[in-house]
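Some structures to go through are shown next.
Two complexes come next, and they have one chain in common, subunit A, joined by subunit B in the first and subunit C in the second.
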Partner chain A sequence: MNELIPLMVIFPIAAALLINLFGFKSTFVKYISIIVAFIIPIIPLASNFGLHYFGGHAPLESSLSGILYHTAITYSFTAFEQLFIFILGILGFFVVLIYVNSYKKASGPYLFLLFMGIAAVSALILSDDIFHMFVFFEIAAIVQVGIVAASTIKDRYEIALKYMIVGSIGSPIILLGIAFLLAIFGNVNITDIVNMINAGFPAASSPVFFASLALIFFGWLYTAGLPPFHTAKSGIYSGAEPQGAALLQAFSVITMVSILIAMVRIFSGLEIFNVILVAFSLLAMILSITMALVQTDFKRMIAFLAVGELGFIGLGMGIGTELSMTAGLFQAVNEMVITALLFIGFGAIAVVCKTTDINKLGGLISDYPKTAIMVLIGGFAMAGVPPLNGFQSKLMLVQSALNAGYPEFAIIIVLISIATFVVFVKVFYLMFLKTKPKALEVSGEKIPKSTIITLAVFLIICITLGLFPSIATDTISGFVGGLL
Partner chain B sequence: MIMDLQLASLLTCGFLMIIGMFAAIFIDNVIKKVIGIAFIEEGVNLFIVTIGYKAGGVVPIILPEMDPSWFASNAAYPLPFGLVLTSIVIGASTLAIMLALIMILYKKYGTLSAKELLKDRSKEAVADE
Partner chain C sequence: MRLYDKLINIIEGMKGSTTNDSISGDLVAELTLISTLLMLGIVVRHVSIFLSIVILLGLLLILITNLPLMPKLKKEQEDSLGQMLYYVLVTLGVLFAAVYWGGNFV
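== the complex of A and B ==
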């Protein structure tokens, strides 16, 4: 059923509007949100793979060049997109579940933002049209700001405004890059642009094409939260509610991957593209782990680690071999689940202890043993400890770096993973094992069952992908083969 | 003359973007920053419109009395105009959200200084405790 392809975007948008409309009826909003969140991951599983042309406008063949031109916005749905949208749907379901269980009165606008975000990033990964991607990239950015502004964190408006100002400078720049592509090719469909480049379109080697790469790359850095935007991005994560942050990072990962794939398709012929991609990814990994090491606020620490992990994705894509790109995209899938687990797990501790300062915590393992064990394993997954999913993707990255003749990258990956492990051991000791400080008052509040179930499900996904990585890598490597 | 029009338009784009970038980065007043951001956005929008400009062209709406081949060679390229409409709507939305956030923060702090509004308060909170 190819008709289901656009439904992956239209359904969450329609649901979001309905929920916002009936936002004053809290019980209705709660039930309808759970039902919608349950249906969202089912749609990609029920849909057939293929293309969807909006308005039914199929591509037309040029009588001069023989190139097929897309006359309408096109969505491309393969097993790769299915994997990402399904994982996003699962995360979305559990985030909504935690939210409706945490608050007596559900906020219609907040749930509206969550569903709009899911729709926006689904559109981003499905779209074959770079301007259409820009539109949903902007919607996703506004949603991220909205989720932060709707939180109960003290400095939420300041964080939201800072991100908005930075983003509002980044967005026109990415749009200017797209406008340059439009000026060169007269088209914004990525497949059409790639076909024109492959057909030897002369302007593809013009300085304007380089300028377009520079501008879109700059916008992508903002999207991904790579340097120089890593501080603003980590601020957004730490400024959101825990479950909101879990979904926000998934939005960032999918947005980053979607735009990165578009860039790889259009600009991979330019040697400089891979060089700058690797350089910024390495910079992100090193800067983020350095910032994470010195943090005393554990939410901010995870936020920096989440940004740093994005560098692994960029590095894999930048090395440019089939194995490295598969590893990079596998890392993206893993990161979505692991970081969501950590944000929700640590966030639950922050709620019951009413502090995020690790120096004020201690001895929590006796109060919250299940949560402690699960966040520890989540931390190990992020650090790349076997047999978890993070280990598999990082091992693939190390192998691909060695195979491609870049042992120095392999060393950096191992060192960053060790540093991540050190960060987690330190935080785990300070929060859970160290003697409980006298000043610490644990409210006695239990961590909700919905949070524990969510953590357990995410952990099962981490272990399953760790033991059977081929569930994801077969799909991803097939996609990467097509990309190359 | 025709070339001059496009050139003038492109120069205006550059001018708008440079002024906007200057205001957004270097001016401390957040309202002026937002005005700068609006300048950047309008500069980019003008650039997109300029791409679609066709000297002596007609509006890209085909009428029954028009010969299709004449229309194809004389109509302006419609895609940039479609894109720029969407871009204007997005720009207006982001500006509205920024202004709403500024209003809230102005009520809270009584200042429009970006240095004051956006400074890292986590250190202050630690010092207070």
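== the complex of A and C ==
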């Protein structure tokens, strides 16, 4: 059923509009949201793999060069896209579940933003048209600002405004890069551009092509939150509600992966591309982990770690071998689940303790033992402790760096993983094991069951992918084989 | 001034680092930063061993004369919009120049 391919985008958009329209009817909005969130992960499972041409315009063959030109916006759906959209759908379902359980009155506009975000990033990973990607990249950026502005966190407006201002530089720059590509190739379809490059199109080595790489790469840094945007991006995560932050980081991961894959397809012939990709990824890893270590706000700590983990994805793609790229993309899948677990788990503690300062917390293991243990295991997964999923992807990255002849990268990966472990040991000790400060007043409020169930499900996914990584790596490896 | 006094002065100069936990976090961050920077210096050996040695020596000099690095690095990465925009624009300039003019030399 190839007809289901566009539905992965159209269905959440239609649902978002409907929910916004009936936003004043809280009960209706809650029920509809749960139903929609339940259906979203089912669509990619029910759909056949293949291509979808909007408007039914099939590609035309050039009588001169024999190259196929795509006249329609094209969506490409393979097992790789299925994996990412399914994981996103699962995250979306649990985020909506937590949201409708946490608030007596559901906000239509807030749920509208969540569903629009899901639709936007689904379109990004499906699309084979770089301008179409930009449109949804913009929607995703606005949604991220909206989700933060709609939270109840102090300083939310300031954080959202800062991200928007910084984005006002990143977005036009990426658009300018796309315009340069259009000027060179007269086309915005990625497959067409790649075919023209492979056919020896002369302008593919022109300075304008290099300029286009620089501009699109800069825009990609903004969307991924890699340096110099890491401070703004981590602010966005810490400024959102816990469940909102969990979904925001998933949006960032998918947007980053989608645009990165497009860049790999178009620019992998330029060696400078791999150099800058590795350089910025390493910078992200180093700056984020060192910043996480010196924070006293535990939400900000997780936010910095989330940004730093994206560096592992970039590093894997930048090394450029089949194993490293598979490891990088596997890390992306793991990152979505682990970071969501941590944002929701730590966020639940922040809600009941009404503080995010680790120096004001302590002794919470007696009040919240289930949450503490699940968050601890989630932290271990992020740090790369066996047999969890983070261990598998980081081990693959280390192996790939060694195989490619870069032992220095392998050492840096291990060093960053050790530092990540230190962050979690520190946070866990200060929040859960240290003597409870006298000034700390725990409201006695229980963590909602929906949150506990969500944490348990995410943990099961982490353990399953850790024990059986081939569930994801077989799919990713097949996709990377096609990419190379 | 003895080494111990120097160390005390450095620690007293670290604003906000007042507990054992925060000091340990700062120290781990400092060590991670130094070790990863040195590793990055070694990576340059893939381009030129001589250049790598020069960069490592330069790095060592900068690291020794600027310790502790973390307070300075933290200050540069505050949530100030001015600083964010400054680094965004500097990165755009450096990236564009490196790719546009340096792309053919890699």
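Going forward, the second predicted complex is superposed on the first by the 484 of 484 C-alpha atoms of A that agree within 3 Å, B and C clash if a C-alpha of one lies under 4 Å from a C-alpha of the other, contacts with A are read in each partner's own complex, and residues count from 1 in each chain.
By definition in this document, contacts are C-beta pairs under 8 Å (C-beta built on N, C-alpha and C of every residue); 3 or more make two chains touch, one makes a residue touch a chain.
Quick caveat: nothing in here was measured; it's all calculated off a predicted structure.
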item: Fit or clash - subunit C, subunit B, common subunit A; value: fit
item: Which superposed partner A:162 touches (first subunit B, second subunit C, both, neither); value: both
item: Three-chain overlay, vertex subunit A: subunit B-subunit C angle, C-alpha, nearest 10 degrees; value: 80
item: Which of subunit B and subunit C A:182 touches, first, second, both or neither; value: first
item: Partner chain in contact with A:131 - subunit B first, subunit C second, else both or neither; value: first
item: Touched partner set for A:228, first subunit B, second subunit C, both or neither; value: second
item: Which superposed partner A:142 touches (first subunit B, second subunit C, both, neither); value: first
item: Residue contacts with subunit A in the superposition, subunit B compared against subunit C; value: C
item: Subunit B versus subunit C as contact partner of A:171, first or second or both or neither; value: first
item: Nearest Cα pair across subunit B and subunit C, whole Å; value: 5
item: Intersection of the subunit A residues that touch subunit B with those that touch subunit C; value: 162, 165, 169
item: Interfacial residue positions of subunit C with respect to subunit A in the complex; value: 16-17, 19, 21-22, 24-26, 28-29, 32-33, 35-37, 39-40, 42-43, 46, 70, 73-74, 77-79, 81, 83-85, 87-92, 95-96, 98-100, 102-104, 106
item: Complex contact set, residues of subunit A against subunit C; value: 159, 162, 165-166, 169-170, 173, 207, 210-211, 213-215, 217-218, 221, 227-232, 235, 270-272, 275-276, 282, 285-287, 289-291, 293-294, 296, 358-359, 405-406, 408-409, 411-412, 415-416, 419, 422-423, 426, 429-430
item: Touching residues (chain side subunit A, partner subunit B) in the complex; value: 131, 135, 138, 141-142, 145-146, 149, 154-155, 157-158, 160-162, 164-165, 167-169, 171-172, 175-176, 179, 182-183, 186-188, 297, 300
item: Parts of subunit B lying in touch with subunit A, wherever the complex brings them together; value: 17, 21, 24-25, 30, 33-34, 37, 40-41, 43-44, 47-48, 51, 77, 79-80, 83, 86-87, 90-91, 93-95, 97-98, 101-102, 104-105, 108, 114, 117-118, 121-122, 125
